[in-house]
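Below are structures written as C-alpha cells.
The following pair of complexes shares a single chain, chain A, combined with chain B in the former and chain C in the latter.
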Partner chain A sequence: MKFGEWVKTLIFYEILMGMKATLTHLLHYKPITLQYPHEKKPLPPNYRGMLALLRYDDETEKCVGCDLCEAACPSRVIQVYSAEVPGEPTKRYAKEYYMDMTRCLFCGQCVDACPVDALGMTQEFEWAVYDKRNLQLNKQQLLAIGDRAFPVREKRIEFQHPNVAYFNVSFGDIPQKDA
Partner chain B sequence: MVDVGIKLALTLTQIASVMGIVLLTVALLTLLERKVLGWMQDRMGPMEVGPYGILQPVADGLKLFFKEDIIPAGANRIMFSMAPVLSLVPALIGFAVIPFGPTWNVEWFGVEFKPFVISDINIGVLYILAFASIGAYGVILGGWSSNSKYSLLGGLRSAAQLISYELNVGLAIVGVLLLSSSLSMVTITEAQTGGFWRWYAFAPLPFPQFIAFVVFIIASVAETNRTPFDLPEAESELVAGFFTEYSGMRFAFFFLAEYANMILVSCVATVLFFGGWDAPLPFLQFHGSLEHLEWLSGMFWFTVKVYTFLFLFFWLRATLPRLRYDQLMRFGWKVLLPIALGNIVITSIMAYIFS
Partner chain C sequence: MAESNNQDLVTLTVDGMTTSVPQGTLVIEAARQVGVMIPHFCYHPKLTPDANCRMCLVEIEKLPRLQTSCSTKVAEGMVVKSNVPHVDEARKSVLEFILANHPLDCPVCDQGGRCDLQDFSHQYTPTTSRFTELKRVFPKEYFSPLIETQMNRCVQCMRCVRYCDQVMDVKALAPSGRGTLTEIKHFSAHELDCEFCGGCVQICPVGAITSRLSMYDFRPWMLKRTDTICTYCGDGCHITIQKKQDELIEVNSTQGVGRNNGDLCARGFFGYHASVHPDRIMHPLIKQQDGRFAQATWEEALELVAEKFQGIKTAFGGNAFGGLVTSRCTNEELYLFQKFMRGVLGSNRVDSSARFGHVNGTLPLLSVQGTHRWTATFEDIVDADALLLIGTNITETNPITGLKVKQAVKQGHAILVTMESLLPARGTISNITLLATHHLPVRPDHYHIAIVGLIKSVLDNGLVDPGLETRAPEFFRAIKAAIDSTSWAHIEEVSGVSREVFSQSAHAFSSSTRGMIIVGQGVLRSPRGAEMVTNLLDFLILTGRHGQPGCGLCPLAEENNDQGAIEMGATAEFLPGPIAIGHHDTRQALSKLWEVDLPQEPASSLMEMFRDAQAGQVKAMYIVGENPVESLPQTGKIKEALESLEFLVCQELFLTETAQLADVVLPACSYVEKDGTFTNTEGMVQPVRQAIDPIGESRPDWEIFSALSVVMDQPMEYGEARDIFKEIRSVIPGYGLVGPVATRPTPKVDVVQQYLQEGFAHGLATRYVCTQDQPASDTPFLLASTQSLFHSGKFSTRSKGLLQIQSSGAIMLNPSDAKKLGIASGDSVCVSNAHGAVTTIARVLNRIPPDVACFPEHFDQDIRCLFELHIDKESHVPYSKLTWVRLERVEKGDV
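And now, the complex of A and B:
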C-alpha cells in the first residue's frame, strides 16, 4: 500500500468525504419530495387515468353500443348490452354498460377502438376504495366521471363535418374544435 | 432527622428534574433525528402532525401507549417483561453522576448539596461503565426470551458486539483517568477548566487524548447500537433485531433506552474529553460581577457540546452503511483495541515525563 493511501485510511478520509457530502445536502437543503395529499405533481396531458363515458353537448350519450371496446379489451373489463334506441330503429345505444375497474390495466385500447370517441381517459387516479365492489361501475357512474372530467363537449356527429356525418364515425386524430 | 428529610427531598427533586429533562430530550431527539436525516437525504422528515411536524413525538408516544401489548406464544414471560426495564433503567441511572453545571455547594436549611450533580461519587466513570454493561443484559434477554429466531440472532449479535466494544470504551477512557488521576466526573471536569486548550481532547501536554476520543466515539456508537454498527437491530436482515417481538410500551422502553444511552454517551464524552460545562474560551462565560450566573453559561455550554455529539450520531447514521459482522469484529479487536492500548502506553510515558 502506498503511503498516501495509508494516511488516508488512518484519518478516515473516505468517511470524512462521505460526511461532507451529507453535510452539504443539509446546508443546501432543497427537498425533492412532494407532500403528496397537499401538493400534487402536474400530470402529463396524455396520462392514462380513470376511464369515462362521454356525452355530446346536448347531453346525449356518444356510445352507439357497437361492442368494439369490449372486443378490444385485453382483460375483459367491459360489458356492453346493446339495444335499439326506442322510436329510432336505425340507431343503437348501450342499454347497460359495465366496467370492472379491479381488472383494468389502463392500456387505453378501448379508447383507441371506439369509433365515435365515446370513451375517454381522465386524469383521475385516486380511486382507492375500501370495498372492491365500489370499483364495478355502471353506465351512470361512468357518465358522471366523464361529465366532471371533460366539461368541454363535442357537437353531435350529425352536426359536424358532412363526411363525418355520412360515415357516422369520428376521426380522433383531427384536432377538436372549440366549443 | 429533619436534615435527612430535606436532603432526601432535594435529591428526589434533582432526580425528578434530571429524569424529566432526559426524557424530554429523548422525545425531542426522536423528532430531530428524523428531521436531520430527512434534510440530509433531501427529504422533509415528518411534516403532518402540527406545524412542520413538531408534534410528532406526542403522536408517536400516544400511539405506542395505546398499542396492544403482545407476548408471543412460547416466550419466557418473566424475562420478556423484565428485559425492557433492564435495558432502560441502566441507561437512565447513569445520569446520576453527570455534572451538568458548576460544582457549587449550596447550603439550604442547613443542608449542603450540589445543585448540578445528583451524586458526586468518587468512582463516577466506573459506575457508568458498570451500568452500561448491565444494559446489555436487557438486550440479550429480550432477544432470547422472545422465542423468535430473529430476536435471538439480534440478541446474540449484540452480546458479542457489546463485549467487544465495551473494552474499547474502557481503554479509551484510561488516558483521561491517568491525566486527571481521578474517577470522579466532577474532578475530571474541574481539571479541564479554563478554555478549550485545557480540554483533554486538545490539551498539548502531556499528551492530547484526541485519538482516545475518536476511539471512544466509535466504540460508543457501537455500544449504543447505532448505525453503522446497528447489527443487533439490522432491519434488512433481522426485521428489527432483539425487539422484533415487542410492541406497545415495552417497545417504547427499548426505544427510550436507545436514545437515553445516546444522550448518556454524549454526556460522558463531553465530560471526559471536552471539559464538561467549561466554556471554550474563558470570556464566553459569566464572570466578575455576573459570577452568580456562571451556572447558566455552564449549562449552556454543556448542552451545546452534548447536542453537538448527538448531531454527530445523526450525521453518521445519514452517511454510513452498516458494517458486515466480521468487519465489525475485526475493526473492534484488531484496530481499535491496539490503538487504545498504544494510547495508554504513550500517555503514561508522557505523563511520567512531564509531571
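And now, the complex of A and C:
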C-alpha cells in the first residue's frame, strides 16, 4: 500500500468526500423549504400548467374546431363539437369545447397537435377545488384563462401563409348551413 | 360479360409474386389481387381508365419508361415492379406536383382522415416542397344546397365527371378550364340541378366535393358504422349508416357490397334524417274524453289495448278485428303481426301495403308459373340482351335497378324497349327512355292496349315460339282468338303507337336469348294491373322466353319490403310462404306451431275491411305504420270508416292523419333503430341492423306485438328479432338462406303446364278486352299521381336533406299544353274536376307527354280530393293514381 492511500484510509477520505455536500450545507445554512403560498418558486418558461384557449388580436377565437386535440389526447380530456360559424358560411369553429381537467395529465400533446396554435399551456397550477365538477371547463372558461394568461395576442391574418391558400375563411355567397 | 374461362388466364409477376388473372385485367387490379396496393387517384373499378393522375406508375420489364398500371392490361409473362426506388421517386414527384396547388387545410376539411392524398403524402413525400410559388385559388361558387365543392382541393382526377356520365348517365358535371386551372363545374348558370345521387361525394378521393348536409359535424375517426338496408324503395340497397354518438352523420355505401355495389340515389344518400325528425312520437298516447292525446306509460297503453281487444273479442268474436301493416316493416315484424292477428286476435282480416300494387305482380306470377319471386336477378338485368320496361320510369322509382338497366344498355349493348308515358327528352335528371332502342310513348291509362298490341304483333309477325303450337294448342288458339278481336286500327288509334313500332319492338324482344320484362308501378298500381301482368306472362310464353335462363317477368316493388309482406303472409290471401290461406296442411302445421286454432272466416283485404268497418262488422282495427286516410282519396270514405270503429290502435313514427283518429297511439322504431331482415324486389333477404338507440320511448314493432300478446295472456315471446327469424325458417324452410347472389327460382313445370292446359282460360274472357276511357270534353287532361326520384312515400318528406331538393309538389305539364293554356313555370294553376278544385304551381317539363299532367304523390295532400277510388274485382287493389281534370291559369291576384 502506498503512503497516500494509507493516509486516505486513516482519515476516512471517501466518507468525507461523500459527505462533502452535506457538510458544506452544515456550514452555509440556508433554508430550502418555500413558505407556500407566501413564497412561490419561479416557474420555467416551458412549464406545462393549466390549459387555455387563445384568441387572435381582434378577439376572434383561434380554434377552428378540427378535433385534432381530441384525437391526440391520451386520457380523453377534450370534447369538441364543431360547426359552421353563425353568419360566416363555410367557416369552421368549435361550437362547444369541453375539457375534463380531472383527467388531464398535462402531457401537452393537444398543444402540439393544434394546427393553429389555439391551445396554450399557462403557468397556472393552483386549481385545487372542493368540487370536482368545477374542473369541467367549457369554452368560455378556457378562453378566459387564455385571456388572463396570454395578454399578448397573435395577429390574425386571413391568408395565413401564401402557400396555404385559403384556410378556414368564410364565403358570403354561400347560404348558411341548416342547423 | 360472361365470366372468362380458364383458357383466358394470363400469368404475371407483381413484386415477385406470381399470379394468374383473366385476360384484359388491368395491372392495378392484378396487383390488388396479390395484395399490392398501387396508389391511385383517377382509377376506379367502375369507371373506364383515364390515366390522368399519373400516380399509379409502375415499372414493367421490357417496356421503356414507367407505365400507368391503371390503363395497362396484363400480358403473359409480364414482370411488374412497384416497390423499386425509382418508382417511389416518380410517385414522390407526382405528389409534389399535386401538392403544389393543394391547400393545406386538412384540419377543416371533412375528408381529412380518410383522404387518399393525405395518406399517400404521409407515405411518399418529404414534408417540404420545392414550390415557392403561390397556390392557385379559385373563386368560391355556390354549387348546390346539398353538395359542397371546394375546388382548391381538387386533384383533377375526373372521377366525379366520369361517374356522373358513365354510371349515372346524368352528365351534370364537367371540367372547365385548362391545366392546373381546370375546375369541376355543372353546366347550368344557376345552382346544381341533378339527380343528387351523392356519387360524386362518395367517389372524390380528396375533399373537393363533400356533403353540405353533414359538413363540419364530424371527423371521420369519430364515426361508428352500421351496415344496413335502405328503406326507400324495393331495390334493397346496402347502406352504411355513420353515426357519431347517437347522431346520424352520413350514409354511404361500399363498392363491391350489396345489391347496389356502392351506388346510391338521392333518397339513400341524403334521406337519412327522416328517422330523427323532431316530430317523432316519443311516448305512447291515449286519447282522452275531450279528444286530445295524453302521454301515457307503456304499461297503461298496452293494458288499455289488451283490455279493449279482449272485450271486443268476447263480445263480437275475432272477425271483428282488422289489421293493416306497412310493408316498410321488417320480415320478422310482418310475420309476427299476421301471427298476432290470426293467432291472438283470431281474425283473418290481415293486410299490408303490398295490397296497393305489389300483389298485382305476385298473384299472376303465382298462378302462371308458381313462383312469387323474380325468376331473374339484378345480374341477369346486366347480362340481358333485351329488356322490356313497362310503366316504369325506372330511374325515378327504383334508381338502382335503373342503373343495372343503364349498365346493360351502355356496356352490354342490350336492346331496350320502353313502354312509358314519359317522352325521351333530356332533362336535369336521367331519363331511361333516352337510352331506349324502341320507345313506345303510351299514355298512363293505355298500357293495357299497348301490351295487347305487342302480343298482336308477335302473333301477326310469326314470332311465336315454334314448339308452342304443338305443346299447348288450346292456349295458343285461345290467346290468338282473344287478340284477334282487337283490330290494329283500334290499337293504333287508342295507343297512338304505329303498328310498325309495335312489330319492331316485338322483333327486337323475340330475337334475344336473354329477355326480361320489368314492370313498374304504372302497370301494377293502375286499373287491370293483374290482367296486364298475366298478359305479359302470355307474351313471354308466346315468344318462348318463359322459363329460359336469364329471362322472366320482374315486377318492381315500390316499398322496401313489399315482397317480404307477401312472403310473410301479411296479406289477406296468403299464409306465410306464401301459401294460399285455405291450404289445409299449412293451416294444420301453423296451428300446431302457434298452438292456436286458425280462424275459419273468409279473409278480407284492405278495402273490404274498411267497407265492413263502415257496416259495423269490424269493430276494432290495428294499423301499423300505414296512413290510409292520406294515401287513399276521400271518395274511399276511409276516415268515416275509421271513425265508426269502436277502437283504433295505431303504431306509428309520426302523428299522421290516421293516427290522429286513433284511441291509442304506440310509438314504433324506424329502420335505423331495430334489427331484422328486408326482402328486396328480386327476393333477396338482407339483414337490417340497429344503428342508433330507439328515439324517446319508442320500441321496435315486433317487441310491441310481443308485449301486447303477453298482456293478452297469449304470449308470443321472443328474445330478439333473430328468434322470430328462426321461427320463420321453421315455417318456410330455408327462408333467407341465400348465398352472395340471390338464388333465382325457376318456374314450376307443373304449374306452367297446368296454366297452358286450362289455367289460361281463367279471366281470358275479360283480360284481352280493350276498353277505352274517353275524356269528357270539360276535363281533357289526364292527371297522374306519380313517384318522384327525391321522395318515397310520406316518410321521406320528413327528411331535411330531401326537402332541400324538393320541398313541394308542382303540377308538371308539357310545353305545348302549357303554351296553349298560357302557363309558364311558376304560374298558379287551378286544377279542377267534378270533385273539386285545387290551386297549385305549374312546372313545364319537356318529358311530360301532351294531354297529361303529373303531380308527385308525396305532396298530394290538397290535390288528392280530385281522385276517385277504384277497386280491382280480382286482386282487390285500390287504384287512385289517375283522374281527369281541367287546368286553368290563375292570375296572381285571384289567389
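As a convention for this text, the second predicted complex is superposed on the first by the 128 of 179 C-alpha atoms of A that agree within 3 Å, B and C clash if a C-alpha of one lies under 4 Å from a C-alpha of the other, contacts with A are read in each partner's own complex, and residues count from 1 in each chain.
We adopt the following convention: contacts are C-beta pairs under 8 Å (C-beta built on N, C-alpha and C of every residue); 3 or more make two chains touch, one makes a residue touch a chain.
Fair warning: this is a prediction, and the values are worked out from it, not measured in the lab.
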Please tell me which partner, chain B or chain C, touches more residues of chain A. C
For A:M19, decide between first (touching chain B), second (touching chain C), both and neither. first
Would you sort A:P44 into first (chain B), second (chain C), both or neither based on which partner it touches? neither
Is A:G4 touching anything from chain B or chain C once the two structures are fitted on A? First, second, both or neither. neither
For A:Y29, select first, second, both or neither according to whether it touches chain B, chain C, the two together, or no partner. first
Output check: A:L68 vs chain B and chain C. Expected answer is one of first, second, both, neither. What do you get? second
Provide the residue numbers of chain C that touch chain A in the complex, in ascending order. 101, 103-108, 112, 129, 131-132, 134-137, 140-142, 145, 148, 152, 212, 215-217, 219, 221-222, 800, 804
Hey, which residues of chain A end up touching chain B in the complex? 15, 18-19, 21-23, 25-26, 29-33, 35
Chain A residues touching chain C - in the complex, by the definition given at the top: 64-68, 71, 82-84, 90, 92, 115-116, 162-168, 171, 173-175, 177-178
The chain B residues in contact with chain A across the complex are 36, 38-44, 47, 315-316, 318-320
